[in-house]
Amino acid sequence: MDRRRELDENKDMSEHTYKKIELVGSSPISSDEAVKNAVSKASLTEKNLRWLEVVETRAHLEDGKIAHWQVTVKIGATLES
Amino acid sequence: MDRRRELDENKDMSEHTYKKIELVGSSPISSDEAVKNAVSKASLTEKNLRWLEVVETRAHLEDGKIAHWQVTVKIGATLES
Amino acid sequence: MDRRRELDENKDMSEHTYKKIELVGSSPISSDEAVKNAVSKASLTEKNLRWLEVVETRAHLEDGKIAHWQVTVKIGATLES
Amino acid sequence: MDRRRELDENKDMSEHTYKKIELVGSSPISSDEAVKNAVSKASLTEKNLRWLEVVETRAHLEDGKIAHWQVTVKIGATLES
Amino acid sequence: MDRRRELDENKDMSEHTYKKIELVGSSPISSDEAVKNAVSKASLTEKNLRWLEVVETRAHLEDGKIAHWQVTVKIGATLES
Amino acid sequence: MDRRRELDENKDMSEHTYKKIELVGSSPISSDEAVKNAVSKASLTEKNLRWLEVVETRAHLEDGKIAHWQVTVKIGATLES
Amino acid sequence: MDRRRELDENKDMSEHTYKKIELVGSSPISSDEAVKNAVSKASLTEKNLRWLEVVETRAHLEDGKIAHWQVTVKIGATLES
Amino acid sequence: MDRRRELDENKDMSEHTYKKIELVGSSPISSDEAVKNAVSKASLTEKNLRWLEVVETRAHLEDGKIAHWQVTVKIGATLES
Amino acid sequence: MDRRRELDENKDMSEHTYKKIELVGSSPISSDEAVKNAVSKASLTEKNLRWLEVVETRAHLEDGKIAHWQVTVKIGATLES
Amino acid sequence: MDRRRELDENKDMSEHTYKKIELVGSSPISSDEAVKNAVSKASLTEKNLRWLEVVETRAHLEDGKIAHWQVTVKIGATLES
Amino acid sequence: MDRRRELDENKDMSEHTYKKIELVGSSPISSDEAVKNAVSKASLTEKNLRWLEVVETRAHLEDGKIAHWQVTVKIGATLES
Amino acid sequence: MDRRRELDENKDMSEHTYKKIELVGSSPISSDEAVKNAVSKASLTEKNLRWLEVVETRAHLEDGKIAHWQVTVKIGATLES
């Protein structure tokens, strides 16, 4: 990336504000899959998803086994100006 | 509940995504009442409230007494698909 | 403020419910400025902002310098009844 | 309490070991009642309960209302020597 | 409240400093009552109590029952200038 | 589910007390597998496992590689009345 | 202790309020000694010290050795009524 | 240790599940001694104790001095298969 | 500083006990200024202030802007012997 | 940025590993300046600094005033492959 | 393992000091893979890696999907004597 | 110390940057001794050690006894300019 462009983007980025939303995704398959399900649900209504942070990992148990994973995530998205 | 139905519900549940919103409810009566007020306010605009977690309990004091309790809660609600 | 009026306001206040939203503000200037940018962005869509809590302070670095501060805040706003 | 007795009790107490068990009590009535239910259930199998610490307060919601409170407590009990 | 007065109060408020003291209140009746007892004890020696934050909730157990609740609070009071 | 049955179950559920036990499961394969191993060990002696919370994820390293994952979980189980 | 007396003391105890003060004790000898120094300093001005909680353990280093331990404690004392 | 044996042990270890129990040990002598007392009490009923983590250090005060230390520990023990 | 003097000071320092007080400073100007206001208020009644730790940063909002910053600090001061 | 290039960069980025180092910067001027001083010291020996997280804000006090701010930061830098 | 050897190893082990380094590993595939990448990068420059602790799990999002996982770990390694 | 010198030293100190390293010290004797071992190992390669903070205290158990204490510390050292 050339010098000038980098500085321009930087200036732009410094104007950004992000919102963080908290979701709980579920999956019978894996903890990672539960996170992916939360992201794909979020992407239906929110544009510009940028990052996520895993907050808590739980699982619902049935018959002595994991029936589904439940992972709480915070998802950061660029606020439309 | 019969075996088959339980598995069906399980599969359904594993598809669910929940959102968590954070509210502060107030009450001059009790800390529990402050929580209930937050829930009933949330229920006016959100459907499918499922659970809450108490995050913080504070109170506003006047004349050396508790004027009202202020309890912060996170409320989990099923996301409409 | 006279006695009676204070009690009236108190009663009113105890009816209030607040929501808390989580934002990340950015600024190339200072950490305080990043917080202010988050507030002014929030004020475009939310009325009745009441308080904020700083949750996390980070900065993006470029060329061995702070390019912009990124401060996560929770903002409390009165819920419309 | 006379001096000698206090010292004797002190010496005894310093020999004590306690175990802590973690329970979640439920109640449709109040958060305090959920704690009491956990204690009374614990008292059926454990002797010498001494103190408790509230770890987390949650509630299950139905129809936009609190259906029951669920409070996690740690209960300390004297270990039999 | 009229506009000018609100700004005046605001300016005043920005001059305030508060101290926070940590107390443990007790009650055989309820956790809320333990908080109230801490506040009323504080009000005997401190003026201008403004708010409290619940820090920890414990209880002392006797005979398999809650003998009294012990709630730790931080109480904020305006410092006299 | 019809209205009446839901209320009945609700009432029943509010009577429940759960205990939480803390286990560390291991696996050379994955962090999720370590959790599953903890659950299947717990199911040998405990009935009515209901949910788990991941508390901590560690791994033992050998020869510059992960030899096995070690995941601490809290498992909640219904207390027999 | 006979039954009646225990109940009487209990009732008394439930009336108690405690204050917690935060001190940092120092010692060149050991971390425990630093705690003891904080307690003995506190006992010069406060009566009715009841318990302490260790909050943080630090040490000042000189010449590649521990010069003195610095341990932060919270000390609980019965409030005079 | 020769290569093959190390791998064998490793495989074995990856099958292990540990339980963690929470105890409070007491001692009039020192905080370390309180930890040791908790361990030796645990060893009377639990086999295969493997490690401990100190969770909290408190002390009971009498006459302006430490009467006994009370240290909360979590002890990890191999689950019998 | 010469060797001997350093050791002397060290020995002295190891005798020190500090108390920590918790204050909330306010300022319409900046978060740093709010901290300074807390310190200057503390210095009116306490001698020998030594250090501070920022505990929490909040702000009061009016008309979609920060009206004043409110920063909670713990201030350490040498206890007079 | 065109589609293809974005994907390429993405793939590259997913190969990155970062190290985090913990520094305490000081400044008599402001808390932000203390952070900047830590960054500029880090940039003397570390290349590719990418972000920082503020961990703790303290200040050293002299004569009832802030003598210098001390801010602990974690700085993330790309590991050279 | 025979008794004597175990004691010898034990004595040796008690002489060990470990350092902990903090890394962020990335992977487009899974959170576990991101951890493995951090370990394999660490093994290029550090000998005697012994264990790791997962500190934080994040992910970078692109086009409404997880582009790569970013997992922060602390890795413990035996210090060369 | 005369006024001028104090200000000079102050100005110097405000220029300092410290790094923090995380070590785990071990000892079969006591928790304090484990800390000292970590410090003396650090002093072999790092100059200008200034302070430490105890982060975590664990112990390895053998035959129902503490085989050695393992204490994690963060050590602060002045960065060479």
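When the chains are written out, they are named A, B, C, D, E, F, G, H, I, J, K and L in that same order, and each has its own residue count from 1.
Just so we're on the same page, a residue touches a chain if its C-beta (ideal position, glycine included) is under 8 Å from a C-beta of that chain, and two chains touch if they have at least 3 such contacts.
From a predicted model like this one, the values you see are computed outputs, not experimental measurements.
Greatest centre-to-centre distance from subunit B is found for L, with centres as Cα means. Of the pairs listed in A-B, A-K or F-H, the one whose interface repeats that of G-H, with over half of its contact pairs matching by residue number, is A-K. With every chain reduced to the mean of its CA atoms, the largest distance from subunit F is reached by I.
In the Cα superposition of subunit F onto subunit G, the rotation angle, rounded to steps of 5, is 120 degrees. Mean C-alpha position of subunit J lies 22 Å from that of subunit K. The centroid of the Cα atoms in subunit B and the matching centroid in subunit H are 38 Å apart. With centres set at the average Cα position, the gap from subunit E to subunit F is 38 Å.
Residue positions of subunit J touching 2 or more other chains: 21-22, 31-32, 60.
According to the touch criterion at the top of this document, the contacting chain pairs are A-B, A-C, A-F, A-K, B-C, B-D, B-E, C-I, C-J, D-E, D-F, D-H, E-G, E-I, F-H, F-K, G-H, G-I, G-L, H-L, I-J, J-K, J-L, K-L. Taken together, the subunit G residues at the contact with subunit L in this complex read 30-32, 56-61, 64-66, 69. Residues of subunit I that touch subunit J in their complex: 31-32, 35-36, 39-40, 42-43, 49-54, 75.
For subunit H in complex with subunit D, the residues that touch the partner chain are 21-28, 37-38, 41, 60, 62, 67-68, 72. Residues of subunit K that touch subunit L in their complex: 6, 10-11, 13-22, 74, 76, 79, 81.
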